[in-house]
Each structure stands twice: as C-alpha cells, then as structure tokens.
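Note that subunit A is present in both complexes that follow, paired respectively with subunit B and with subunit C.
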Partner chain A sequence: MAAADSPSAALRRRDLCSRGIRLAGKMRADVVDLLDTYVEQQGLDASATVAAVEGVPLAAVERWDEQTGTQRLLENLAAYRAFRALLAQMLEEQREQLGEADAGLGRALAAVLLQVSAFAYHLEELLRLESRGIPGEEGDGPPPPPRLSLFEQKLRGLGVLRELAQWAVRSARDLRQLAKPSAATGTAPGLAESP
Partner chain B sequence: MFSRWNWVACGFYLVLNICSPDASGGLVQSCGHIIPESPVLALGSNFTALCILNESCLDFGNIYASQIIWKIKNRVVPKEQYREINRTVSSVTFNDTSSLATPLTCNILADGQIEQNIYGITVTVGLAPEKPTNLSCIVHQISKFTYVMTCTWNPGRHTFLDTEFRLRYSWPEEVFPDCIPKGVNNSCTVTDIQFFVNTEIWVEAANALGKAESDPLVVDPIDIVKPLSPQNVSVSSGILPTVLKLSWENWISDAVMTLKFNIRYRITGDTNWMEVPPEDTASPRTSFSVQELRPYTEYAFSIRCMKEDGLGYWSDWSEEKTGITTEDQPSKGPPIWRIIAASQSPASWTVHLMWKALKPFEANGVILQYEVTVRDKSSPSCPLKKYNVTSTNHTLQLPKGTYEVTLIARNSVGASPPSVLLIPESNSKAPVKNLRTLPKHDKLWVGWTAPNSYVLKYVVEWCLVSSSSDCVMEWQITQGDVQGIDLKGIKPFKCYLITVYPLYADGQGSGESVKAYLKQDRPSKGPTVQTKKVGKAEAVLTWNHLTVEEQNGFIRNYTILYKTIDGNETVVTVDPSKTEYTLSSLTSDTLYTVRMMASTDNGSRTGPDFTFTTQKFGKGEIEAIVVPVCLAFLLIVLLGVLFCFNKRDLIKKHIWPIVPDPSKSNIAQWSPQAPAKHNFNSKNQMYPEGSFTDVSVVEIEADDKKSFSEQDLKPFDLLKKEKSTSEGHSSGIGGSSCMSSPRQSVSDSDEGETTQNTSSTVQYSTVVLNGYRDQTPVQVFSRSESTQPLLDSEERSEDHAGGADSAAQRQQYFRQNGGQDENNVDRPCFERAKQITHANEGDLVGFAQLQVSGQSSQPLGLGMAKNTQEAALSDILQTCTEGQTVRPETVEENPLSADDMPKSYLPQTVRQGGYMPQ
Partner chain C sequence: DSHVQYERVGADVTMKCGSMDWDAAVTWTANGTDIDDSHLNGSYLILKNVDLSQSGQYSCYEGSSWHLKYQTYLRVGTPPKEPVLMCRSNNYPKGFYCSWHLPTPTYIPNTFNISVIHGTKDMVCEKDAIPKNRCHIRYLQLFSTVKYKVTLTVTNALGKNFTTLTFDEFAIVKPDPPESVVAKPVPNNPRRLEVSWQNPSSWPDPESFPLKFFLRYRPLILDQWQHVELSDGTSHTITDAYAGKEYIIQVAAKDNDIGTWSDWSVAVHATPWTEEPKHLTTEAQITETTSASTSSFMAPPTTKICDKGAVVGSGAVAVCWTAGLVVAAYSVLFI
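Take a look at the complex of A and B:
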C-alpha cells in the first residue's frame, strides 16, 4: 500500500477505477446486446436456463461486502482471465462454424474480448498500485474443456456471456468500492452490499 | 596494321560477350559490372561507384580500367572524378548526389575510338523520412455501436522515395494490427476501437534511406469521441404561449458516455441563432423546455452533444425542427395616423384613418379585426361611434372639430391596449425645430430638435418625390423622447420629402418638411440650353429645370460654358433656381457654342451643345442709321422742293425753256381787242413783235359752226385735249418739270396724234380763245414760226397706241381728266359727271367748239381759266362743293352761243385737210 500513499498513485488509482467502472458498464451493455444477437444467431431460446458451465467463474459470492480490495481485484482478475480464454475459444469456434458468413457476431465477440482484456489490464494495474504481486497465468490457463458438441458449445457460449454480464455488474461495484478513500487500505468496507 | 585488326577483334569480342545468350537463355557474362548495384542515395551525400572489368575481357579484349569512361545519361563524367584503382577497377566519385542522374554507365573506349558500354546502374536519390509530427486522433461515431478512429499527422518533407507510413497503436498488453493509409500519407482510420483503455498511438515512416517514428499519443479513445448528434428531435408547444418543449434521442447509451448538450433556436426566417445557456443543458437528458419565447411564433431548434466532461468533440448540429408557440393577446396597439382631406362641404372633413398592422411579435396571433372608436371632443355629449374594420384603414366623413380616435386590435385570445390619436381642429402647436437628415449606409437618419413643450409622439411622413406621379406617403410613429429615426427602404438617388409632426397631449404641431437624398449622384442628364434672344453683344439663354428623376441629387448650381470656335471657354456659374441667363460682352457676328452643366454634390453632367451667332448690329443701330438718313433725305427733298418752289421761275427759265407758243406770240396781238393786255414778258422777250413774218388769219363765223365737218374740227378737238390736259398744270410739254407727273404724260397721249400729223410738217399755231384773267378773251390764231415739235417725242409711242379710235380716245381722255382731278373732285361728283358725259356724247362737237373758243387762252394755268368758268358752271354743279374743279364736260350744259364767241381765224388749210409747210 506504499504506492497508494503518493498523490500520483492515488490519482492513478482513481483514474483506473473510474475508467474500469465505465469499461465494465460498457462491457455489460455490449454483452447484453451481444447476448441478444448470439441467441438469435445460434437459434437458442433466450429464456433457456443454462447450468453452470465448467471453468466459468461465478460472479455471485457470499459475504461480498466483507471482501478486501485486493481480494476483489484478485477474484476479478481471475474471472476475466478465464473469460478472456473462453471468449477466445468462442470466437475461434464461431469462425469455424460460420466462417465469414456472420462477421457482425464475430466482430462483436472480438470487441467484448478486447474489453475483457482491457479490464484485466485495469485490474493488473490496480494490483500493481496495491503493491501486490500479480498472479501469473497458470501455464496454459484452465484445462482445456472437453470436446463438446455443437449445441453444447452454443449453450456454453450462452452461459459465458450471461456470466460475463453478471461479472460486469459486480466488477463495477467492486471498483466503486475500491475507489472510495477508505478502500485504499485494503480493508473490507463497512457497508453490506451485495452484487 | 596488326593493332587495328586487334582492336576490331576486341570490339567484336565485346559485342559477342555482351549480346550473346548463354546456355541458360540470358545474356552472356558481360565484361564488367558496377558496384553498388542500383543504389538509393541520400540527396546531397557523396557517392562512389566502382566499375570492375572481368579478367576474361582483359585477356582477350585487351581492355583496361584506364580506358573506362563514366557517363550519366549521355553526359560524360569529367575524368577528374575518375580514379583507376587497378587495371580492372575504375572508380568515380560524386561529391553531391544531386548532380546524379540515371543511368550511370561504365563504358570502354575500344581502340581509342569505339565506345562500348560495359555496364549501367540505376541511381535513386532521395531523402530519409522525417519524424511525423502533429499526430492527432478523433473517434467518429458511425452508428450506435460503431466507432472509428481517424488519426492525422504531418508526414514531413517529400522524400522523393517510396515511403511507407504506418499508424500503430497498442495497449500495454495488447498490440493491434497497424493501420496503413491508402492513397494518402498523412491519415489513417482505425475501425476496432475500444474505450476506457489508454491506447498508445504513434506513426512510423520508413523508406530505403531510413525510418522515423512520431511521438506517441496516449489517449483513451472515449476522450476523443465526436458523437452523432441527437436524433428524432421533436418540438411541442405547451400551455404557456412562451414555451416550447424539445425531445430527442441519444445515440450513445449512458453506459458508454454521458452527454451534455447545446440547444440553439431562432425564429423561422431569421438568421441569428439564440442559444439556451449551456449550464442549463450540461447534464444528460433527452428533453428540454425552452422558455421566454414569443407567442405565436415559429421557432427552429437544433441540438448537439458531447461527452459530459468536455473531453472530445461536439457533435454536428442536429437537423432543424420547428415548432410554433401558442397565441397570446396583442402586446400593443397598432400605430395610427390620419390624412385629412378637404370635403365637399367646407364645414366637414374627410378623415382617412390608417394604421400599421402589428408586427408578429406584437400581434401574438392572427388579428381578427380592428375596433375603431371615434369621440367628438368638441361636443362630449355626442355618442361614441364604433367601427369594426378588418383592413388597416378607414375613412370617415366628420364635421370639422377635435376628435379622439381609439384603435384596438383583437385576436383569438384577446384585445390589444388601445392606440389613441387626437385629431385637433387645427395644428396650432409648435413644430419641431432644426429638422435635418443624414445618410447612414442604407438608411436615412432624420433628426430634429424637440419643441419646448412635452411631446407625446412624433409622426414622420416621407414620400418619394416624383414629377410624374403623386407622392405616395409612408409614415412612422416614434415616442416623444426620440429625436431621430432611421428611415428604411430609402432608395439612393431619389428625392424624398420628409415631414415631422409633433403630437401633444392636447393637440398637434404643424409639420416641418425637408427634402433629402440617401445618396446623391451626378445628374442623369444635363440641361438643354437654347437662346431666347440673341443680340450683338449679348444672348439670353434659357433652359428648363431637370426633372426630379433626372437630378439624382440637389442641384447646387448650373454652369454655363460657352466659347467661340477658336476661343477659350468661358465658364459662368448660375444659381440653380434660375432658368434664364444673359451672356454679355459677346463679340458681334460670331458663332458661339454654349453648353450647360448641372452639378450636384457628387458630380456634374453636361447637356448638349447649342450654337448661336451674335448679330452684326445691335438693337437700334440700324434704326439709328436709317432714320437719320431718311430724315436727312426727306429734309433735302423738302428743301429742294422749297427751293424749286421759290425758284420755280428761275428753274423754269433754265431748265424748262419756254416752248414758243404761237398763241402768245406777239404777232397775235394784232388782234384789235387785246394787244395791250398781252403782257407776258417772257413771250414778249422771246418773241418780240416784228419777229413774225407771216400770219394767216382765218375768220370763223359762229353761225357756220355746223358747216364744219368733224374732220375739219379734229384739230380743234386735239387742241382742246391739249388744253384739258394742261389743266391744273403749268404745261403738258416736257414732263420734266418739278410739278409734272406721269399722269400728265398719259393724258397727253391724245395730243400725240396731232403731233404726229403736224410736228414735222406744220408750224405751230396758237389759238387764243380767252383773255388772261380779267382780260377780254382774244380769239387769235397765231401761227408760229418755230419748227420745234410741240410734244415730246417720248410720248409718241403711247400716242400711237391710243389714237386708234377717236371716240374711245375721247372717253379715255375724260376719264383721265377726271382722274387727274381726283384731288379736287369727290368721286360721286365724278361719277355723276361721267354719266352726264355719256349721256351727252353726241354734243361733243359743241363742246369742242367750246374748248376751242373758251379755254385755249391760258396754256400756263388752267386753274385760272377754271376760275373764270366757275360762275357760269355753278348752276350745273350744285352737288359739288364750292371750289371744286369744274369739269369741262359740264360746260355743255351752258354752251356758249355762237354770238358770244369772238371771231377767230383758222388756218386756211384746215378745210383743205391741214397745213402746208410755209
């Protein structure tokens, strides 16, 4: 937390938080739009319930308000790194399935992927300001998912996007918590707030 | 000889070496090559090239580096730049590559004469790229989710080489594909933009001579967005007449970017925009109510937006949307004025009320009608008269008096405040003072000084003055605290008549007028001058005033320019009010050219030339010469006449010699009765007694009158005529006397016949029939010794013509005689006498006798004889006044009897038909 003491670090932190919040908002809006497109393009039912997908981190957490700032950042970073891998896989599968026939969906996926990467970058920068080591990505990342059928791939993609939308909301709230002056200490906020 | 053949063989070998295809299909190995091969050189640097000859050529062709010639294009490089490194290598050095050109060739001068090309290279000269500068980027929103980033930069100087520019951008952990501009070298557009991450952007420029990078630009693309302008803008009116509500949609969701707005609006047709205060629209929104608008006015609105924090760019203005505020009651009454015209009845007026339609911002709606109320202030008991009018004027016939007119405009919401106009019976109040005008660009400012009294309002009337049409009046009302207004719509070069009336609370002041121009020009034509009167040294010039349309300004003066053909031009300035001018001190009998110029403040225009010639003599000069000359001539004539009259005897003596008159010859005095009374001295002197040598005397018996034939009496008749002709004259002979007249000559014509018969052959005889004055008539026939013709020869021709018919001659004679007496005889008398003559024509014989016997004694003065006859004839001529000439023909009424006639002697030859020369 030494870095947080300097004014420039505080400004940098605030700027990163602010930018990250807005990025999370933009990411949520884009993911919501993308979900509609994705459901339509993949021929899925928007109301279909998708069971938890393996490898996709869950945004919901208990005792969220008791988490420290660093903990929030680390959970977010892990989640978005996972989303980055999942989205990259989805983009590859999308290209394999549709080729260049539906470039719009591919561009939207690529844009969301970039946003996820950018958000992960924001988190890493914040962790650096927290003077915390950035956890390295685990080798090749999460273990490669088992080979799925096409329908299962579509459902998994739907689950990834829905969960990403949830994470976008949670991330925005996490960063708001971090942006508060008291949050700079890394202690858990007093207010109980649930994502 | 060997050497020559050797060189020929060498040249042939070189050609074969260069041109012969080898086994692979290409050229055979050449005799040398240049290093470096096709270099790219920096402009201004130095450069050295080497030409290396193949050993094979050395052996066979006997060629060496010393024979190498370097050429640029077809120009030989100076040998000072060569250096022979060894026998197979030659170098050339250029200190400045700017002198290089393509191709650079290495050549061999074979046999000292034949130049063969060994090798050639292409040299490219250029510059390394400069560091790109001024890199800037903007993110354009293309659609709701699409953004593109366009970056521009300054590429630097021209490199003369193919230079590649790349726009590069990256995140710390993400490198994006480069953006390579197409067709340009100073901008590139990136399509995959992600917001909320700082992106490093820079430009790389590279060519064969080097590479350069711009300074990096680190920016979050969300901070350089130019969003799309709000869409679906709509305008709706609310309950209040001064409010309109705008609604719109934003292209960007709040999740991406919150926006602030600018709202501008204007009245439709107006060019000036008004803007809602920015702080009122600095927060995200999708609607806004614009207040303080004018009622019933159409407004156009436009909106733009940008990122709320002010980073980035304003969007373009949205498409204009219009809306109309609701109506409100008119805010003021219409300005009202009047024109009072004389009515048929002197006790009444024709009042033309006129008012201006309210301006839209005053009417606040559609004016449905005007309510005019007229109140007679001179008789308050009279009821008010109300009129509902839909036009903007109303005419009333009113008795003369003081009236108060109230006007109200009404729309669907309500009525305006009333406008009141007081029409006094007379404009007896003080007028404005110091009325003046001043042009201001396209407006004419009218100013005045207020009267001492408090003025409610001023009315300014103006109209375009025209010579061909009436002055169409325009008017304007201003408040009483204003002392000048700008008149709009004033045309330049036109004359305006401006009148200002002050309106008081209790009356109206008389109008003050002034003429003015917004802008003056020189007249469109010059005056046409002409002369009214031209004298010897002066000329009166006249001209007409230019019409007001031709003046184009105030005519300050007229200038008359006149000159003779070869003289200097004289300039005279004339007051513009005049239309006539007299040029003086002109030269007489000289052609002058005159023209006239009219001048305004802005120039002059000259009219056509007019020429005139001054007179040779001045007024009265001719009269002054002619009248004295005439008077002098008349005086001389008069003096001559007087002289002649006084000296008539002397003149007669010298100029008019006395023709010997036989009747007065002294020989006739032998008549026993009157010798002593013949006292004509002249005759006595001219013809003294005893000078007559032969006299024949014939005695005529009175009783034998009838025995004479007419033929015998003819000579007497002729003599009678002679006497008659001589009546009133001194003599019928000569005609050159002072008292003679042409008539006399005519009347003597009858005499010519006799003269013709006797002048050359018969000596004259004078028959004295009567005595002189109171003397007893002596009837004497004298025969003259003279052979001088009795009548002047100049009368003979007339005599011949007139002697054809004796009867006619007689009548003519009498007429002539009568005419001769016109001075003495009234015409009636003459006519009567003539009738008488005709009636008694048959008695001519007796008359002839009478003539012969009674009138021949006084050849010098028949008047005397006439007097002697008056007494005898007075009974006959009762109708004539006393003293009138007695006509001979009247004598026949009182013929003398034969007894009374004295005995006379006729020439003896009469009866025998004439005299014979003696």
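Take a look at the complex of A and C:
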C-alpha cells in the first residue's frame, strides 16, 4: 500500500481520474445522442418505461457517499465489462436485423462500444495503481439471453443505453470522489481499505 | 348549537332555526345585524346565490324571548381547482423538495396530502414548518433510471382535486443562483471588469458535484446581453467592456452533468476604470490630451453626447453608439 500512497502515485491517480472524468463526460454525451437515434430508428416511444433487464448493471445505488474507493472502482469495472458485452450483442443484432440499411446506428453503437472498452481499460489502470488485483472477466458477461422477439430486443437495447447513460454520470462522480486531495494521504474515501 | 357551514359561491342556502317550527316567530342576524324579513320563509332563512361577502356568523333568536336558538358560521367558498405542483432538487445529491399552491383561492380551509412513489416504493415527504406548502425528501438511491411519481391532493369541504408529476432524478436538479456576485473595475484597464461569485450555499458538495456557470453582461444602455459559459472557477474577467459605460452583470449555475440552469443571480452593476480627466487650459494641452486618450482606449469626446443627460431618444443612442464603435474599433488597431 505504500506505493499506492506515494506522491507520484497520488499524482498519477489524479491524472487518471481527470482523464476518466473527461472520458465519462464524452461517453455520456455520445450515449445520449445514440439514445435519440436509437429511439427514432427503432420506432420506440422515448418515454416508454423499460423494466429492469437481466444482465444490465443498474447504476442505482444506495449510500453512494459511503462507498469506499475500491468499491467504486470494482463496481464500475464490472458494469462497463457487462456493457461491453451487451453493446457487442446489440451491434450483432443490428447487423442481423437491418444489415447495411442502418449503418449510421451501427456506427454509433460501435463508437460507444469503443468508448466503453476504453473506459473499462482506464478503470483497470486505476485498480492497478491501487495495487488491487484485476478481477477476472469470466463472470462479468451477461448470462446467455433467452431468445427474444424483435420488439423485446429493441426494448432491451433501450434499457441498456439508458442505464449506460446513468452509469456515465455515476462514473464521473465516482472518479471525482477518488480524485479528492485527501486520497493522496491514503485516508480518503475508502482507498485504504482492502477489497 | 354553533357550527360551521360551508357553501359554494352561487349556491342557494336555507338555514333552519334549530328545532323551531317553520311557523315560529324568529329573528335572524348576520354578524349581529338584523336580517330583513324578506329573506325569511317562515322561520327559515333563505340566502340566494350567495357570494363571498355573505360569509359570517348567522344567529337565530326566538321571537319574544330572544333566546338564542341556533347559530352557525357560514363560510362561502369554492371547491379547489387543480393545484400547481413543483419539485426541484437544489441540494443534489441530498434530496429534493416539492412545493405547491392553488391557482385561485378557495376562501375556505384546504388540506393538502402528498404522496411520493419511487418505482413501487412509497416515500415520505416531510413537511416543512416554513413555508407550509412545501415538503422535502432525502434520496435513498442515486443514479436511478426509475422515475418518481408525486401526487398532490387538495381537499376542502366543497370538493377535492389533485395533480401528478412524474420525473427522473436528474431532470429536477436546479441549483439556487450563485451568491455574493461582485464586479469591480480593473485599474488601468478601461475595457475590463473583474467578476467573482460563490457557489450557492444550498449546494452541499461542490467539490464532488461541481457547478458550471453562465455569466451575462450588457451596458445599461443596450438591451442585448453578452454570454460566457464557464466550466470551472468562480471568477471571470470581462475584457470587451465599453469604456466608461455602466454594466449590469448576472450569473447562473448548473450542475456540470445534469439538470437545468438556476435562475439568474441578483444583478450587480459596475463601470470599467476610466482615466482621471485632465484639466484643459491651452490648445496645446487639448491636443496632447486627445492623443493620450486614444492610446489608452478612453472614450473620445464624441462619447460625451452618449451620456444619459444628453440623450434625447433611442435614435440618438443608436447614432451615438455607432460613432463610439467606430472610434473604439479604430483605437483597437493601435494596440
């Protein structure tokens, strides 16, 4: 833990957090734009309520302010790994359903998928900095989905994108908590605790 | 017996004198004043098409003994219209508050009942002591996509009404305006104004939930605002102010990521620094002063006709400003 608390580690942490916050902000903006496109092109009602979908990580959290830094990083990493798999699945479904007819939506999905992957990697970097082991990915993907109708696929996609937009906001907040100056002393919101 | 009786505006009201027979001799009073017999049907008091002014205490006395036989307080009013409900989070992420009012008064007492549901979970909205028409809720969860549904029901003796608001956590976030806005001239800089402000005190954690700001400013004599959006910091230097002109400046705040802009702050006024006018005694000194004025971007003598006292009308202001702009643009070339 001494390495994680060194001044250079603290600076590196703050740098990673700052860049992560910017990444999350850009990701959120792109996801919001993608949501508009998705709703329009899939013929959905933007105000439709979508029930929680199995395998989609919920951004909602209780006692968020009490979370340790490690908890924040691990929950974020698990979420973005899950989104990476979900978006890849959505992209595949798009191509199967619409082929080239919806290239714009496909490109937008691919771009967000790239950002999600980059953000997951960024989180892994932060965890490495804290000398935390990076959890394996075996359990992070969604379970094999039951065969859904086309409409159910569209609704699930809507749920995925909405939840991802929430996560992007939460992630920026989480990283700001991690970046707080007190984190450099090792006494900060929870980076001192072991997982 | 004494009790309260509620009736709608425009209703016809019949009051019986307690258990007195219809043909009993009685006297009715309204707020202590005898009521004319023309309003009586036997011992019944008939009030047709009542209006608000007829609210008051009605008493019935037995004819000969003047014993009080019946008393009621008539309250004329209306059933409630659909209430106006607003919910807002000015202290995110702690919670939000809802406040309400009736669009038109009912003139009789009303009871308000508010319910808040988040998904399937009922939440308690704690009533504020002041103001009375407000309650607040603490967030139990953050970053939820599940919407909140708030229903306000208003009930009085003549009827009830309700309204419902549905919103998500992010949509209602609206900080209070920035506080302590200060604008000062910058010495030796006739086109600059230094503006500073503070985060609203109601915003609990600006470090974790930073605000961004929108600043607007204009000279008093113009209607068009200049705008600047600032992603961080609580100060800004205006560098394109018109020399010698009084400015009005306001600031608004918004969470960096979610919600809507606050209302504008209280307006502050400031005038950029101007050089002290030199005393003119000779032609040579006048020439010298004019050259010095140009190099320091001070408004040339022609600006004087733009002073409030000299302006005759809006046409004069437009011409005035055009001349000033031309000179200012010319002066900039000599930077």
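The rule is short, and it goes like this: the second predicted complex is superposed on the first by the 179 of 195 C-alpha atoms of A that agree within 3 Å, B and C clash if a C-alpha of one lies under 4 Å from a C-alpha of the other, contacts with A are read in each partner's own complex, and residues count from 1 in each chain.
Please note the rule applied: a residue touches a chain if its C-beta (ideal position, glycine included) is under 8 Å from a C-beta of that chain, and two chains touch if they have at least 3 such contacts.
Since the structure is predicted, the reported quantities are computational estimates derived from the model, not experimental observations.
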{"item": "Which of subunit B and subunit C A:173 touches, first, second, both or neither", "value": "second"}
{"item": "Partner chain(s) touched by A:19 [first = subunit B, second = subunit C, both, neither]", "value": "first"}
{"item": "Subunit B versus subunit C as contact partner of A:128, first or second or both or neither", "value": "neither"}
{"item": "Subunit B versus subunit C as contact partner of A:110, first or second or both or neither", "value": "first"}
{"item": "Partner chain(s) touched by A:28 [first = subunit B, second = subunit C, both, neither]", "value": "both"}
{"item": "Which of subunit B and subunit C A:95 touches, first, second, both or neither", "value": "neither"}
{"item": "Contact residues common to both interfaces of subunit A (with subunit B and with subunit C)", "value": "25, 28"}
{"item": "Contacting residues of subunit C [partner subunit A, same complex]", "value": "93, 140-147, 170, 207-210, 256-258"}
{"item": "Touch list for subunit A against partner subunit B, complex", "value": "19-20, 22-23, 25-26, 28-30, 33, 107, 110-111, 114-115, 117-118, 121-122, 124"}
{"item": "For the subunit A and subunit C complex, residues of the former touching the latter", "value": "25, 28, 49, 58-62, 64-65, 162-163, 166-167, 169-170, 172-173, 176-177, 180"}
{"item": "Residue ranges of subunit B in contact with subunit A within the complex", "value": "145, 171-174, 192, 194-198, 220, 222, 253, 255-256"}
